[in-house]
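Before anything else, here is the set of structures, which you'll find just below.
You will see two complexes here that share chain A, one where it goes with chain B and one where it goes with chain C.
Now for the complex of A and B:
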């Protein structure tokens, strides 16, 4: 259940994103929200951790890349994705050729990120459910329709295949979701409904 | 039952009819398709029962579905896990289907493994995917960091765990190249187990050892080749040099090839089909089995079938040298291991835990002996109905694909139930009351819950709901469905919904809800294109031993009447009966036209579902 929201708690954008005034979003020019995204209070989104173009230049000093005026994207979030309270989205990083650099974090549509979860994945697919308090390690890949149980710790670099449920610390595949997972209105398909009730006065 | 409130579960009827016996299959196959009004075996069971509303009697209690009964645990499933068989016209749960493997894939690299390779790879990924032997997290191939950084990265490579920071350096393994790690590792583990190894055997053995020892040989040629090889080898090496201990895998392979040669040498008839393929690997065992069956059946005794027993079974010898796979226990027993266990530098952390040893070779005792494990493969599986063998689910073969060729899920046929508490304007003020906290429902205070049924079929459906007026179990909550009979419209094009500005079931405007007033008996609460919402009035019962019940306090103290686990969970069994007119399928048109001229066949389906409303508070 979403918490009781005060009047005007959410800013609604033209594309229907509902963003809590109490969320912390850094580096907004590096973040793409797909529309109808919900970002709840105290969520932290680190768009400032984008990939510096200078890292590419340093590897090849003879041919510096043209100065681009389009900022590199750090975080992409899909439609009807729900970022719960106190969740943290942070682009993954890796030490590559002695240089520490950030990579973009892609989040698909209809994704649910639970309360105080920490996401450092390279990508979350569509209809992914990340439980409350879960941690998704750096460069992990969560495929479509996967479920990360509450409190799980997905180790860095892990790949979770579609339809799989992972849980535990470190996370292992503990089961599979049913074939009907993700059907609109059933488990895994509640994203539209979750979006609708956000920002509504109490009682709903 | 770990879902948050409110939840809905649907009961698969297979729990009442546990054995899918062939007679039943024939019946369910034969009658329902031909008859215009298809009867289902589960439904006619239900039909015999009296109406649920009447059953106040004790004797009828077993007819009502009891969500608390231990059996119901096996039949209740979340709606999205259920399938539907169009031939049996029945809900199918994971227990009434059979599975067959469509493809194997590695969960880490998501590459498909061809089925011919699965056995030879030992059901594990043959590429670079490994799991950490200490914590099971996936291992990453990384280079040992050069100080220069920008130089060419031709360093030695290691597998490292990003979770527990274990690396193969801990067990002293480095790799020369970052590809084909599994083959490299296999060579290394063999080599480390046999440090002084003569070249000829290594060369002859590598071929067989690249494959898992658990795999059987892919072809007869291979098998005979390896048998001959090992035969020669044992002949030449025997008694010449004291061969060192082989590694576990190598020893298994040696023993296996040894016994193969023994079987081929000692088997009486060359064309004996049992000798080679069926796994009766010892002629002695085979003879014992044969004589067992021969003597147990009286008929064979009568007809002199036991004459064969007199022929003496050929004698098969056991492995004698270590090249044949024999290993002799060390002279001092486990003293070395015990000493190491007790030593200062080993300690608790140096000993491999039971979980870690489970996947390793049986000799592994210490943390340094743990080797990385290739990822176990996963499968994509097609699902068939157990009784009529029709395919219900068939995923696409590609591991990355999430699509299905066939997917007959129950949600496309039965209405999707969703439950939601209703906040009614309280009588004293016009302010809408807060939603009742489902995790602590006050006893004896009526709550209203909204049950929405959403139809995914393209035919309108007539629904009849029935509940026992008092929930089964010791905590008796009163339940009333305010409008037990209603219709749900047909599901139409998705675009209709989009154009109608998505007035989906749960959008209900709070102001509208207050305007709608109080729930009335016999009236549906709300209705949309393909969904209908009805109100259930629930009066939670009192828990045994709670203050609300007063008299039970004394009995509660001796513990007999204390609340059992999850007894305070308010679960309502609801019997759903649905009827609709379906378009007749091709084979039914001839038979079904007698009743309905316009190619419509009346269908019905009935099942139990359980609504988990909430948890009842212990006291008022």
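Now for the complex of A and C:
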């Protein structure tokens, strides 16, 4: 990096990702950011927990496993997704056929992850809103346009259907989002606006 | 480079004191884990410390037993700011304890073996958690609070408590009806809680083995 780089809170990449210098990202080679993603300070992203190449493939001597020069992906994050301060993204893990391995965590477009939320889900759909202090348990699946309220505890393995609001501990479906949710500029559709103001001085 | 000293305008860095760390050689401690304080921190065999976990041994020693998993951003101990008493307060984590991401364990807490503490939970001072118990995400155990063995603490605030199922449960009515509809034999009673707990601990063992290979240990040079 040239020494005269502009000193700002955020590093902006070629694809428009705004990543705080104080974010705590591990295993960057296993993370895919879709572009225009915001990652705030002290957010922890565990890309180092990726799926190890399976050892079972080596049992067949005639068909050796292909050289693994393509790194397996631990975390995929979509466009205009916003990871707030102190949030934690860690891929889920489970035991399958006697092998304990980590599974990829997929996050869609226009997703908001609130402050100090802990995400261990298998996938978050598009336009998902996760409130501050919420936890999403291991291998949970949150479908498009779902809302997880502040402080909710989504249990491991729960599947939250589209357009649902879940809250409480443990999280239950408490309502549905109204019509027009997620429309650009309306409630739930502010992702572009959120992205635009990041890194701008206050008052603009 | 002529000098590697810090610029003289800045005072000599008086960073926080680094806690004397006594770790078993089979423990895996990530390079970005933080150990601060004046009292010793002891880490048992096979324990996994995730990156960004923080240990503050300002008020007393911290002892972590064998086979524990301390997740990222977990805080064990407390910053020195609010230490008014000079008494030494030991924090103890027994064997096979799992501490979830961003959870906090205050000094003086005693966590018995095979306890699971989920994400964002808080264990206050002098609390005692009995073995095989579980503190669900976001829950708090109050100061001097005591949680019995085989208890699940869940819900918001102080939370509700219930005993973990230890005896075999007969299949529920929905399962019986589903089995009749599908014309398959009704499944037998669920395994006893002890069996499930043993299985969970075996899975935990596998998880530790995998993590020991993945986490960048302290002292290792980065590529």
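In this section, the second predicted complex is superposed on the first by the 185 of 204 C-alpha atoms of A that agree within 3 Å, B and C clash if a C-alpha of one lies under 4 Å from a C-alpha of the other, contacts with A are read in each partner's own complex, and residues count from 1 in each chain.
The working rule: a contact is a pair of C-beta atoms (placed from the backbone, for glycine too) under 8 Å apart; a residue touches a chain by one contact, two chains touch by 3 or more.
Quick caveat: nothing in here was measured; it's all calculated off a predicted structure.
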item	value
Overlay on chain A: chain C relative to chain B, clash or fit	clash
First, second, both or neither for A:183, with chain B first and chain C second	first
Touching partner for A:153 - first (chain B), second (chain C), both, neither	both
First, second, both or neither for A:35, with chain B first and chain C second	neither
Partner chain in contact with A:137 - chain B first, chain C second, else both or neither	both
Contacts of A:90 with chain B and chain C, given as first, second, both or neither	second
Partner chain(s) touched by A:24 [first = chain B, second = chain C, both, neither]	second
Which of chain B and chain C A:16 touches, first, second, both or neither	neither
Which of chain B and chain C A:49 touches, first, second, both or neither	second
Which partner reaches more residues of chain A (counting touched residues only), chain B or chain C	B
Which superposed partner A:196 touches (first chain B, second chain C, both, neither)	first
Clash-bearing segment of chain B relative to chain C, given 5-13, 167-175, 401-409 or 437-445	167-175
Touching both chain C and chain B, counted on chain A across the two superposed complexes	95, 98-99, 137, 153, 170
Contact set on chain A toward chain B in their complex	1, 59, 95, 97-99, 137-138, 143-145, 153, 155-164, 170, 172-173, 177-183, 185-188, 192-193, 196-197, 200-204
In the complex with chain A, residue positions of chain C that touch it	32, 51-52, 71-73, 100-102, 118-120, 136-139, 154-156, 159, 203, 206-207, 209-210, 213-216
Contact set on chain B toward chain A in their complex	77-83, 94, 105, 107-110, 135-138, 140, 145, 148-150, 153, 161-164, 378, 383, 393, 399-400, 402, 404, 407, 409-411, 416, 418, 423, 432, 434-435, 454, 456, 502, 504-508, 510, 513
Chain C-facing residues of chain A, complex	24, 26, 44, 46, 48-50, 52, 86, 88, 90, 93, 95, 98-102, 116, 118, 120, 133, 135, 137, 151, 153, 168-170
